[in-house]
Amino acid sequence: MQMNEYKPLIVAFCCNWCSYAGADLAGNNRLNYPADVKIIRVPCSCRVNPMFILRAFQRGADGVIICGCHPGDCHYTSGNYYTRRRMAMLFSMLDYLGIEKERTRVEWVSAAEGAKFAATMNDFAEKVAALGENKRLEDLRCKR
Amino acid sequence: MNNKYLQEDLLRMSGVNPKKCMRCGKCSATCPAYDEMEYHPHQFVSMVENGDIEPLINSDSLYKCLTCFACVDRCPRGVEPAKLVEAVRLAAVRRQGANHLKADMVPDMLDDETPQQLIVSAFRKYSK
Amino acid sequence: MQRIGVFVCWCGSNIAGTVDVQAVSDALKNEPGVVFSTNYQYMCSQAGQDMIIQAVKEHNLTGIVVCSCSPRMHEATFRRTAQAAGLNPYMVEIANIREQCSWVHKDIPIGTEKAIILGKAAVAKVNLNTPLTPGESPVTKRALVIGGGIAGIQTALDIADAGFPVDIVEKKPTIGGKMAQLDKTFPTLDCAACILTPKMVDVAQNGKIRIFSYSEVTDVKGFVGNFDVTIKKNARYVKEDICTGCGACVEKCPMKKVPNEFNLGMDNRSAIYIPFAQAVPKVATIDPNACNMLKNGKCGLCARVCAAGAIDYTQKDEYIEEKYGAIVVATGFNPISMDKFDEFAYNQSKDVITSLEFERLTNAAGPTAGKLLRPSDGKHPHTIVFVQCVGSRCDACAEKGKEYCSKICCMYTAKHAMLTRDKYPDTDVYVFYIDVRTPGKNFDEFYRRAVEEYGVHYVKGMVGKVVPEGDKLKVQASDLLSNKQLHIDADLVVLAAAIEPDKSARPLATMLTASMDTNDFFTEAHPKLRPVESPTAGVFLSGACQGPKDIPETVSQAGAAASKVIGLLAKDKLTGNPCIAHSNELMCNGCSSCERVCPYGAITYEDKEFRMPDRTTLVRRIAVVNPAVCQGCGACTVACPSGAMDLHGFASGQIMAEVDAICK
Amino acid sequence: MQKITQTKLIDKAASLLKDGTVSCVLGWSKGEFDYDITPAVFKTEEELKEGFVWNDFCGANFSKYLIEKTRKTEGKILVFLKPCDTYSFNQLLTEHRFDREKVYAVGIPCEGMADVEKVKAACGDGIIKIDCGEKIAVTTLYADDAIEIDAKDVLLERCVNCKSKKHVAYDELLGEEGEVLESARFDEVEKLETMTPDERFAFWQNELSRCIRCNACRDVCPACTCEKCVFNNPQSGVENKSPANSFEEKMFHIIRAYHVAGRCTDCGECSRVCPQNIPLHLLNRKFIKDMNEFYGEYQAGAEVGQRAPLVNYTTDDVEPGEVFDRGDIDA
């Protein structure tokens, strides 16, 4: 499908217990967010390997967001605390390499926060769209 | 000025959200100036919420409030009625264009015994 | 190569309204591995499921992708369908094109495009799916109940009734909890002790129930069906099995000035004590902070008068380790501290009391033998003011109160007011209320009787301040309905203090890895449909630890928790979640990174012999995952530097395939 | 000029071999040229006398070699450890990568190692002979006399910013014990942090585009000891041997640095061996600096059994969205 208007491609990793359910709730409440956001379900945000994020950027994603339970509410008690450290380190490194920091985000969304999920996705998609295409972490061979 | 604007004005000036009130009446229960007032702290909250503001502006109750903030301290819901009273007071002063206390009246009131703080707060209370 | 069938659901118009389902099933037909693709009105209906089963048989499918509602809705349904068709249930993946597509997008081309991409991702994942078989673990047929109040007692009795052994751990010297301290119970006004103590005796006499009183849980390991619990039995310096509860020691003990916690400090007890006459176990306990013998070795009187020889000053804390299949939390509640409510002068006057203290004042076994007397001077109070909602229903930001309604105060205050007027018709009783909340069988009738028959003055308004003056308490309050400020000279002020979860609940929740809300009440697995289960498998909730409750509600929840426990213990084996971590021993470095992040301690190490290409043997340390303990969070998979650790069902390869499909 | 002499080390090694304490010695030996000293195993006193070298070019960190060596060797191995090597040694013990019982570690003081590139810059090409005495005497094809340079002027970056002269692990220590030093090793990182993202991107694009994916940085790294490296594993999704385009250089270096984050002792071997002179230590040090700032001071390998920041947490850690502000605030 050829689109004139630039549409960012956003990959969202959502933990099964909170954020994926929060995304479902956003759907239940018919809260709109851009179709550019594609959700991948993981058991816990701590399942998200930094390599997956790099992979997504390599394959042409313009933004990657990781959503998990609020710190302290992890279904597995401590998973999101590790996520918080891992992502803090990864994001800091990407920023250090000059990659736009608005392309990555971690957000804590509980199962009850459908509205927050939609608002977060709207905001993130808007910020990523404003940056335009991801040029700094692209792999030309993977381009559409 | 229409009531809706006035109401919005009051809420913005005071920063009070009267919807948080659960009608417990603890503000009025705790008020030391209760008997002096025609409208009591809890009534300020509910009347402003209902847009019934004219009677408040025209009432002497405005100037009976000691601004002691006991109601603010005790309110279980954090509504802060005294701030609302203060806001209504400001509205009254602005509307009349006539202050209860004018700036040129102040020098006469000054004497060495009066703490400066009192003058300042009285001025704050009766004019703006 | 997989042979994948794609089934796109219309969900009536829920999906078909914004997604061109025909276009989706057509587009997915050409994906690698897909040999069959169709769409249908309701995939989850019997007809839809039959369609899947039919297709599996006809096209020899090895994997299934259902494009439908959220996997949280029907993943289990379609897994059963796959199983019925002879497939491994874990060969099913769901593309969520309802909650995360058709319901959030309004434009058909956009919705359709996204649905196709989500479908492609699911197909890419199924291509890498492998059949999984859940592991099995045995069930220890014994339950642990933490807390020996009415909730714990009822749960334990019901579980024992079904034939399973139960242990109760109670931190106080006796079971009974808060109910044992109450006088009468609303709305029927039965005496609390009369209905509770027979149950306590039942517990004591039940062969299936063990009571660990004066004990606490210090460690919990393991998982549903296989908990390893450490119980610390505090030294009570009395041999429990020998003590007859005769009370001779209590009588002779010279240290008699210890505030009696059972009467909330309104009278004193001795250093060796039995909390109350009907205590279970009826065994004396020495308070080590008060006993002269234990503090400085001088006294020993109780040992001399004990005919049974039960006193043992050398007793040590004892740690007991026991296995349990299920754990019930029944840690109950406490009234909040009144320290922050200066306006009510609770700390300034003895005659300002909480409702629980009022219970003790009117209880025949209480400090005044049931006569309503003022704590300060022992005089009969003539004007009593009850204040409702003290610390309940406060603003979320307020430091001193709780945001929730404590639920039981309206009814017990009506009870107190009514009983006072009944026994002492010469008293004036005022109740200041914000709302009177009486939902419950015969509750409103009860409240109306207090007003109409007993003449209790219910005043809509709140007490603003209480000032002790002479032997009176000056109460300043508002009467909102008559728009007046009231000034009452009261003799006694009773505060209906908000209730909060017991302080022991938070550390216990950490041990159990059970979640709590911001108020420290335990969270239920589902607020409506699973109200007595914690989200942590094998942990159940009973009574006020989950939220404010009155006695009938507590008892019914206790029974419900018991039936859930019985349902669990009745199984011989539990089937686990097969989506768990596993380590590739050829790649494992044995570096311990995974062990450090595992929240369940599921990873251990062993030295394993490897045959090397040059025919030598190499012993290397490798990680081993205990499939019964692993819950499948995946923390280890990312901590692992070599990528040896992976997760069944959410393998790195599968997730990357999804990423690729989405980004293509 | 190293304080301890080559002869002393040979004597030590020879006597330990002789009395049977160890069965072999892991040490440095002469390579093709005088400046490319390479690791070697010595089994006899004769071999030691013939090949063992200790001078200003003995940068190699032997810790990593112990993994393979301890598996294959009967008896104990003698290993010489410079202060920075001992951190790697401990880190590998933390990760249970070799049997401590099979190693006899001798700590030796180090005055800093020379950077061959700097030597070449000072003396020109065509080096045929280097003598390390009081000064480094370099003989080249083109100069008549040996050129003398001060070792202090040609130190490796990691030695200029040496973090510690203290040995954190050894069985026996030769010479005097040093101290943990205050170093300016994060200054360069800080400088980068204060640049704009565009400048940083340009900087790294320039540096990383030189990468030829020789894998030397990975192969030499004492933290890169995986039984199977993800870059060699087709299942890892990042398997790749040579860079196809600019993305893969970045990908490789981010993943490499992330893999050793929290385990990297900042020994600087990666930058030392890089034939393209990419400042790889700046990636590792960024992680170290961030972890120090966000999660408290942590030196990998300072003690055996430490819990690295990335396998640890506190309930009030910094949020990932907040990490970016730090550099600016500090600046």
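As written, the chain order gives the labels A, B, C and D, with residue 1 at the start of each chain.
The working rule: a residue touches a chain if its C-beta (ideal position, glycine included) is under 8 Å from a C-beta of that chain, and two chains touch if they have at least 3 such contacts.
As the structure is a prediction and not an experimental result, all values here were calculated from the model.
K.L.:
Quick one: which chains contact chain A and chain C both?
P.N.:
Both chain A and chain C are touched by D, going by the contact rule given at the top.
K.L.:
A-D versus B-C: which interface comes out with more C-beta contact pairs?
P.N.:
Most C-beta pairs in contact, of the two: A-D.
K.L.:
Please report how many Å separate the Cα centroid of chain B from that of chain D, as a whole number.
P.N.:
Chain centres of chain B and chain D, defined by C-alpha means, are spaced 72 Å apart.
K.L.:
Return the distance between the CA-based centres of chain A and chain D, expressed in whole Å.
P.N.:
Measuring from centre to centre gives 36 Å for this pair.
K.L.:
Measure off the straight-line distance from the CA centroid of chain B to the CA centroid of chain C, and report it in whole Å.
P.N.:
Measuring from centre to centre gives 47 Å for this pair.
K.L.:
Can you give the whole-Å distance between the Cα centres of chain C and chain D?
P.N.:
53
K.L.:
Name the residues of chain B that each touch 2 or more other chains.
P.N.:
There are none in chain B.
K.L.:
For chain A, what residues touch not just one other chain but two or more?
P.N.:
50-51, 55, 78, 82, 86
K.L.:
Give me the residue numbers in chain C that touch at least two other chains, ranges are fine.
P.N.:
Residues 597, 639, 652, 656 of chain C touch two or more partner chains.
K.L.:
Chain pairs that touch, all of them, please.
P.N.:
A-C, A-D, B-C, C-D
K.L.:
Hey, which residues of chain D end up touching chain A in the complex?
P.N.:
Going by the criterion above, the answer is residues 192-193, 197-205, 230, 236-238, 244-245, 247-248, 250-251, 254-255, 257-258, 261, 283, 286-287, 290-291, 294-295, 309-315, 317-324, 326.
K.L.:
Can you check the complex and tell me which residues of chain C touch chain B?
P.N.:
Within the complex, chain C touches chain B at residues 343, 389, 393-395, 397-398, 401, 434, 460-465, 476-480, 483, 485.
K.L.:
In the complex of these two chains, what residues of chain C are touching chain D?
P.N.:
Its residues touching chain D are 586-593, 596-597, 605, 616, 618, 620-621, 639, 641-644, 652-653, 656.
K.L.:
Considering the complex alone, what residue numbers of chain A touch chain C?
P.N.:
Contacts found on chain A: 1, 9, 11, 16, 20-21, 23-28, 30-33, 35, 38-44, 46-52, 55-56, 59-61, 73, 75-79, 82, 86, 118, 142, 144.
K.L.:
Where on chain B is chain C touching in the complex?
P.N.:
Contact set of chain B toward chain C: 20, 22-31, 34-35, 40, 42-43, 70, 74-78.
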